[in-house]
Amino acid sequence: MTALSVIDISRNFEGVQALDHVSFEVAPGERRLIIGPNGAGKTTLFNILAGSYAASDGRVALFGRDITGLPTYARARLGLSRTFQITNLFYRLTVLENILLALQAGRGAASPVLRLLQQDRTLIARADALLEQWELSELAKHAAQDISYGQQRQLDILLAMAVEPKVLLLDEPTAGLSAAEVPRVLTILRSLPRDTTVLMIEHDMDVAFELADRITVLHQGRLLAEGNVEAIRNNPQVAEIYLGID
Amino acid sequence: MTFWLVQALNGISYGVLLFLLASGLSLIFGVMKILNLTHGSFYLLGGYFGLVVLQETGSFILAVLGASLAIALIGVIIERFFLRRFHLQQLPQVLVTFGFLFIFSDIATVIWGANPQTMPRPELFAGSLQFAGFYYPTYRLFIIGFGLCVATFLWWLQDGTRVGAMLRASVDNEEIARALGINVSLLFTLVFGLGAFLAALGGVMGGPILGVYPGADFEVLLLGFVVVIIGGLGSLKGALVGGLAVGLLDNFGKVFFPELALFTIFAPMALILAIRPAGLFGRE
Amino acid sequence: MSAAGASSSVKSRGSAALLLTILVLAVLPYLLSTYYLGLVIEILIFALFAMSLDLLIGYTGMASLGYAAYFGVAAYAVGLLAMKLHWSVWLALPAALIIVGLVATLFGLLALRTRGSYFLMITLALSQVAWGIAFGWRSLTGGDDGLPNIPRPELAADWPLAGDRSFYFFILLLVGVGVLLLAHVVTSPFGFALRGIRESETRMQALGYNVWRYKLAAFIVAAVFAGLAGALYAYYNRFVSPDYLGVFRSAEVLLMVILGGAGTLIGPAIGAAVIVLLENVISAYTERWLIVIGTIYILVALFAPDGIVGFVRDFHARRAKS
């Protein structure tokens, strides 16, 4: 069964066709890179997959289940997680609290029933462990707004990972990072569990080719090409749309 | 038949006053994203200033222009010195505009007392016109005509002039507008002044039929809110349609269900919220 | 610099201050005259009122303009039940809270269709509808004249709280319970989620939280605590009028929250004390209380948007740096 099915997705905004009958399927555990020049519709696609807005046409299925009409939080509960192109954190809360909120959601404390117990100690232990694993422990008590941009970007990804998703949508994880900061994020991305399906939008071709199992190329809202790294690297059309812009 | 026509005209003339108020509110929000709670004060002070000018000069035209310009100036000062620094920060804007609402409310009571005052109609429109077999106050007809002229003018300003284009550019993307050399800050200040002008205009024009009294600021602010909730915040069309709708509903409501006055406004508001929360013409 | 996480010394200082406050409050009725004791009662009631609004504004990030509606609805409910149906406080108070909860659910369902400025307008409009009913439905509410002669609560047939001291302890107990519950809500996982919503609704959605449901729950919970404050105020004043629901009441409580410091719970309590005392002092000299309130609004916006608590925190932080 496919992890994620994108079926004939179209979206137009006041006359502009942002996406035009895009279809593809992602196998469980696959690392699928979505690439394409600016304006190709990549982030629009992600927003539709995540449920931030609706497609004008077409359907999306998660492990066979139609999620087209579901709101974002319902998709998240079904195991679809995402990061944001513009870092989206709980800025005035500490790094630890950011992770805790993610863990709390995953535990089904997402129902607004008042619990009689205070903050779960096991939750805090798990959060501490995660921060250890990602080497961010010394930042635990810092407010998210006070850490560096690179660290914020890491945290953005880690929040999406903390809920142990089945399908993870990564929206330009290396955006805005300096050359020195990219390896750190790469390590995190490489360490993603193999049973997590990953879709990633990426502009950095080196990162894309390194991480990908398969690549989907979008151009002006349409699916231009799809294949493994070799196939895409050698695809003349792909080269043209990129070289044409450069 | 006559009864319905008279009530409808009453509702429409009242609705036009509400449009004047709401258009300013909507304009300020649409352009600067400020929910101007002081707007009620602009209406109130417009009425009182108009009264003063009228009493001093006897000229209705001077009262209308003088009061509206004076209030516009007050608006410009408030925007420049108290609101500009809080660009796009909702809570401080609420605090400032709320604060001025209360300050002006009390100052007005101090200066003009707690009793309602009446404003005489301008002589030219003091009588009644006869048509369709009944008499109807000329002044109310004048208000309707005047309001529609203002609506047309605002429309032209928004869609047909360079200033309007600059405004729309500033709303869509402020950074780019500035980069293009548009003096966005000045534009915003002028818009705020225009909004205040429109509110004051409503206050003076409304004086002869509604009177000028303490508490009008809160009453009218609330009605203004209902108008933009129904019509959509930031839309001129919405302010007009909403204004007329609220004016008619309020009027007929008072006639048929005097004890449930607020319900006739509450019901359509609740309906809009249920069906189209952004208002009839509001942007999502 | 850390924005959260008090060090243990601050925490123990906080507990000591709390204990001291409770002791002082318990002893006051033996030290103060009726007049001053009445002031303390007002401060306690408005502290609860303001703290409940803080749950909405400070913790969830939902600024609301018509908050007094819930204060007033509960006050009227308690007044009417006590006077027309002769219900004892054991029945009337819970009933009033249920009524407020229902009204808040209705208003919340409507208002939460919107956010931001629309939400501000609608909360004000809804509270004005409530005010309009209180003002217009004379046969029920007495209209502008209000409901006079509400009896003081009787805990039992032979235990009326007619005396000032016993009534004071009644208020102190209920406000104390209310504050404790609020503090509990705020420190619970639910309260934690509310803070997440305040910081980023979209992230909370992406993590799987049904944000709308949380906001509605916060709306209703806050309203019920406001209702408790309102009901107690009705018992204290022995009188309810449309003012309880009015714009001005909403403006006052909002100012208490902002002046004290939103998002801190203790801040709004301080704000309540300041405003109640200030009003008492100022109204002895002038009727121009509206101008004072308006001016404080503007001054707070300009100079202390984080309120008194925020100001003190910044002061300490700057001292720690040097």
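In order of appearance the chains are A, B and C, and numbering begins at 1 in each one.
Quick note on the criterion: contacts are C-beta pairs under 8 Å (C-beta built on N, C-alpha and C of every residue); 3 or more make two chains touch, one makes a residue touch a chain.
Predicted model, so just to flag it, every value in this text is computed and none were measured.
Peer 1: If every chain is reduced to the average of its C-alpha atoms, which one ends up farthest from chain B?
Peer 2: Max centre-to-centre separation from chain B belongs to A.
Peer 1: In terms of Cα-based centroids, which chain occupies the most central position?
Peer 2: Going by the distance between chain centres and the overall C-alpha centre, it is C.
Peer 1: What is the distance, in whole Å, between the centres of chain B and chain C, each centre taken as the mean of its C-alpha atoms?
Peer 2: 33
Peer 1: Can you give the whole-Å distance between the Cα centres of chain A and chain C?
Peer 2: Averaging C-alpha atoms per chain gives centres 42 Å apart.
Peer 1: Between chain A and chain B, tell me the centre distance in angstrom, where each centre is the average of that chain's C-alpha atoms.
Peer 2: 47
Peer 1: Which residues of chain B touch chain C in their complex?
Peer 2: It is residues 29, 33, 35, 82, 86, 90-92, 94-96, 98-107, 110, 218, 222, 225-226, 228-229, 233, 259-263, 266, 269-270, 273-274, 277-278 of chain B that touch chain C.
Peer 1: Under the definition above, what is the set of chain C residues touching chain A in their complex?
Peer 2: Of all residues in chain C, those touching chain A are 1-5, 184-185, 187-190, 192-193, 195-196, 199-200, 202-211, 213-214, 217.
Peer 1: Please give the residue numbers of chain A that touch chain C in the complex, ascending.
Peer 2: Those in contact with chain C are residues 50, 52, 71-73, 76-77, 81-82, 84, 88-94, 97, 100-102, 104-106, 109-110, 112-115, 118-120, 141-143, 145-146, 159-160, 163.
Peer 1: So in the complex, the part of chain C that touches chain B is made up of which residues?
Peer 2: 63, 65, 110-111, 113-114, 116-118, 120-122, 124-126, 128-129, 132-133, 136-137, 247, 251, 254, 258, 288, 290-291, 293-298, 300-302, 305
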